[in-house]
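We call the chains A, B, C, D, E and F, going by the order they appear; numbering starts again at 1 in every chain.
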Amino acid sequence: MNADLLQAIQANLLSPALLFFVLGVVATLVKSDLKFPEPLYITLTIYLLTAIGLKGGAALSEAGLAQVWLPTLAGIALGVLIPLWTYAALRFVGRLPAVDAAAICAHYGSVSAVTFIAATNFLKQIGQPFEDYATAFLAVMESPAIIVGVLLGKLALRRDGDAAPLGGVIKGALHEALFGRSVVLLVGALLVGILSGKKGLEATAGFFVSPFQGVLALFLLEMGMVAAKRFADLKRVGPFLLVFGIVAPVLNGVVGVLIGQAVGLSLGGATLFGTLAASASYIAAPAAMRLSLPEANPTLYLTAALGITFPFNITLGLPLYFAVARWAFGGTAP
Amino acid sequence: MTKHPMTLVTIVCEKLAREAVTKLLREVGAHGWTLWEVEGSGAQGNRTGDIPEFTNIQVEVIVPPGVAETLLTRLEKEFFKRYAMVAYESDIRVIRREKF
Amino acid sequence: MTKHPMTLVTIVCEKLAREAVTKLLREVGAHGWTLWEVEGSGAQGNRTGDIPEFTNIQVEVIVPPGVAETLLTRLEKEFFKRYAMVAYESDIRVIRREKF
Amino acid sequence: MNADLLQAIQANLLSPALLFFVLGVVATLVKSDLKFPEPLYITLTIYLLTAIGLKGGAALSEAGLAQVWLPTLAGIALGVLIPLWTYAALRFVGRLPAVDAAAICAHYGSVSAVTFIAATNFLKQIGQPFEDYATAFLAVMESPAIIVGVLLGKLALRRDGDAAPLGGVIKGALHEALFGRSVVLLVGALLVGILSGKKGLEATAGFFVSPFQGVLALFLLEMGMVAAKRFADLKRVGPFLLVFGIVAPVLNGVVGVLIGQAVGLSLGGATLFGTLAASASYIAAPAAMRLSLPEANPTLYLTAALGITFPFNITLGLPLYFAVARWAFGGTAP
Amino acid sequence: MTKHPMTLVTIVCEKLAREAVTKLLREVGAHGWTLWEVEGSGAQGNRTGDIPEFTNIQVEVIVPPGVAETLLTRLEKEFFKRYAMVAYESDIRVIRREKF
Amino acid sequence: MNADLLQAIQANLLSPALLFFVLGVVATLVKSDLKFPEPLYITLTIYLLTAIGLKGGAALSEAGLAQVWLPTLAGIALGVLIPLWTYAALRFVGRLPAVDAAAICAHYGSVSAVTFIAATNFLKQIGQPFEDYATAFLAVMESPAIIVGVLLGKLALRRDGDAAPLGGVIKGALHEALFGRSVVLLVGALLVGILSGKKGLEATAGFFVSPFQGVLALFLLEMGMVAAKRFADLKRVGPFLLVFGIVAPVLNGVVGVLIGQAVGLSLGGATLFGTLAASASYIAAPAAMRLSLPEANPTLYLTAALGITFPFNITLGLPLYFAVARWAFGGTAP
């Protein structure tokens, strides 16, 4: 680790957003009665998703399809492939039951919008430009892995003699993957941004743009509390998953950065692409698993995605993926 | 005023089971249901109600005793293993028997 | 510890009937009540709890059996036709009889 | 329909606010699990009403009473008259039961604050100036029609032999009409704006002014979902009400524009006045009806006001009333 | 399907008593509980649910009859004087006896 | 009372924040159905506390410890001393039961963040500069009085024969005093502000700074309703507490202003210091009392702190403490 990386880590950790995250963790560990009401959590989620969707859509309307289609396809491909190798690792190295491996791999192939937003926040913090339309990659990478994971899980259950017809389950999973609330908000806001363009974004910038970073900080305070409540389960998931929760994002992140570079993204864009690959879904994927794969143990996937990978990514992961990108783009070695 | 005995079935379960539970209610023939969000603690840990993924719902449904029997049997067979859940029945009295 | 039988009357109805219902509770002589918002489904469609106009409330009130009788009779006569509503009674046991 | 109208329609439909409304409709139609928590809905309502009240009040404190009293009186008069002819139409053309006709006419005589706000948003979008104190007309037009409607309904019930004393009911309806939450918020914020003036508005502009258009966009997302849930009832209300839900606002809107012009408002102001006349209340009026006229069937008035007239007004109605105003003010023919 | 009788104890009390009540539930040996926020009116005035200081919670806990006895006795001795509170028990039937 | 004071009162009462407070009072008195959902109240509290914490912390990181330690110590000392003399007055002049006196004195020794924020708002309104790091005094003055009050109450109960061991109760009270939600938010946000500095504040100013005064106005609307609901209990608390609820803050306020001046604060800073001394906690203290001193009658302390002192302070108290400070600093006599 060189000085650059350390500096990037410091810049990240000293941003209000990250400090509020730490505050949330501490508040939970000291058993404070601080608690965000659920409607506030939902409101902040709605705000963050529509805001990045709108900004991304306006950027897309300027950039045009020619620049976007290749990385978009690469994002979808990653969403299908990451679950496959992740499943193999969980099943054959970690020796987890097939249905649990399937559920977990869906989380790691899918993406975390908050991690992505924290990454854009980090890049802004250090003055590194990036493609504003990267939100489009976030939008397309949420669902494919969920469908792959459900398929893997159902096939495993079939081998175990569960005779439930696949059709209905797949239909349900598809519906959830396409019309779940985070997908609808993100894709919908992207379309609104594309159609209303720069003018529309400017008219609503006083709400969707100026307060954005502050809202993120408040949201990370809540996420710190949510993540820290998962810490109690860390000892229940076994040593393999603890290691997996850090190694998987790092490997996926490096692969993501390199692919991002290969499909023509800038240094900042490749960092975001790596972050998407590294991030693990903790909203859409758990909901889809409870719906379509309720046989899988939620403690395992929630603890890994929310208790390990999410905190790792937003604290150390982001500067790391940035350092990898700098190295790949011919800057300093990581 | 004549009052008619009915059975009130109460289900407390994780919010993510909501669709599955209301589907079951329709299937066993309940004419309506009432539902709200709750926090809880049980064998599967604390459900603190801070984010939707960790919230519970409580569902109350008024049904004739026979329907309650079917409902609880199916809950036991299809739901108890899969979801964080508690279910029980109690005796109530209503006025409009035909409504339930 | 001696426990005294009381009647718990539960009313689920549209939120817009709230004033009318609490007024009725006072009139029949209830000493208190408990109330919260719920979603529901029934003969008058889904009440999805997204805007106040389409939300339900659940009211629970502990009263002596005689008061429950009056309450349910008046609900039947004055409320059932007008509002989306369900009401029923059940038996409970309390410690401080004089409180209710 | 000429090119101008088409262009105005397009400008309206491509604003973020309208696009989010459409997104809400679509989310409901595809059965997405997207849902705004009720506290968020209430919060957005409180914000929008206080914000327009404050702005309107500050504008009033600049404009002075001399400019405002005549259109204000005209607004009240419209609030009393629209229910009368609407009642006649519903009763004698539509052959609806008297109590239902009374309830519905109260909705169409009263006003929808969100429709009004969407109209100011539309005028801003196309660069058309308007009187900022128009909020005062919104404030005075909410209650009169509700009282007229309750009176008509009670008289009808009396004829049918309901012996309940009128006094108490009228007192209740008056209280609701004067102190219902939307009236209190709007009139209260108007007074705050008048008393604290331009200086007060400037001090709080970072909250009540800059984010306003964005908040409206978010709120219309929710309103899209709320309105679309009413679509299922469209087939239960009969063909007359479907037609009424579009014809009534158009007629009221045209009359409103012309009266707005007659009492001295600008082109933009007359458009707003027409919008108020055209709009149907879906918050204050339903609440008042459940309280004071529970015998009326809520499916009828809610479906008409919320499922038909509201979507029509904010999509096609606004550009239409603007075109009528342009024509009345000697611009192009509508 | 065999159903087993259990006792449902319901406690309505001011939100600020929450910690004290859940501690008591653990002490008497309840295996779980369910809890949500309610408004209410009673001897100690209206609790309108607008700010946390003036909100109530309703706690429902399923326990064997003996535990219910202990719980209510301790509530009477230690809580009734100090907090705005109502508590009562009712009879229910569950399927998994060992869970409670 | 001279013209200056009257002018200050007028400037205060005509600010949107105060006018909205009055609107809230009126809405409750006319029995409007206006009501803020609890999650909105909690959200506004979280926002206000984190925003002033962050601003205060950023100011602290600029000012350095040298300027702050003395007034901070003075604040803690006041937090310990005010409960002592207040207890004596309540017990021996007012003849209240010891446990009630203890509970009430904890409220008056502790502080009200909203009163403090209203004071900064008032100073901004009249263009009077003040130390931005004054938030630090607010943070340290919340807890000491609560601990003193609980101790006094427990000692009184012991004399009355309550044999409960003191240790556990004190531990509980300490935990609540140090990790209660308002302390965690305020101290936490202060630390975030110190660590992220001016740069962090600037990055999030679009959320934590620009909308601040407007959010306060909205919050005071709610506080007007909350306070007015306590008015019904005014006749139940007896004449002594009515007088106490106004005399205590005035005396504490004057003492606070003078001490603030003595420890080197500016005119604005001394006004804030006086406001802190004058203010009575109505969030942290009641919660702590229900937890650690449930034997005390909540009607007494809530009505005094919330129904009398809070409205008095934000309407007449603020201009009064400012006039005292002006006089102390050699301006006009109060």
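Side notes on the structure shown:
Everything that follows uses one rule, which is that a contact is a pair of C-beta atoms (placed from the backbone, for glycine too) under 8 Å apart; a residue touches a chain by one contact, two chains touch by 3 or more.
Everything numeric here is computed off the predicted structure, so don't read it as measured data.
Number of steps on the shortest path from subunit A to subunit E, with steps defined by chain touch: 2. Set against the C-alpha centre of subunit E, every other chain centre is closer than that of D.
Of the two chain pairs considered here, C-D and A-D, the higher C-beta contact count falls to A-D.
In terms of their C-alpha centroids, the spacing between subunit B and subunit E amounts to 19 Å. The mean-CA centres of subunit B and subunit F are about 46 angstrom from one another, to the nearest whole unit.
Mean C-alpha positions place subunit B and subunit D at a centre distance of 40 Å.
The set of subunit B residues that touch two or more partner chains comprises 36-37, 90-91.
The set of subunit A residues that touch two or more partner chains comprises 35-39, 42-43, 210-211.
Every pair of chains in contact is given here: A-B, A-D, A-F, B-C, B-E, C-D, C-E, D-F, E-F.
Listing the residues of subunit F that touch subunit D in their complex gives 14-16, 19-20, 23, 26-27, 30-40, 43, 124-125, 209-215, 217-218, 221. Every residue of subunit B that touches subunit E in the complex is listed here, in rising order: 10, 12, 36-43, 56, 58, 69, 72-73, 75-76, 80, 86-91. Put simply, subunit F touches subunit E in their complex at residues 35-36, 38, 41-42, 222, 225-226, 229, 233, 282-283, 286-287, 290-291, 294-295, 299, 302.
Against subunit C, in their complex, subunit B makes its touches with residues 1, 3, 6, 8, 22, 31-36, 62, 90-96, 99.
Here subunit E touches subunit F in the complex through residues 14, 16-17, 19-20, 37, 45-46, 48-55, 82-83, going by the rule given at the top.
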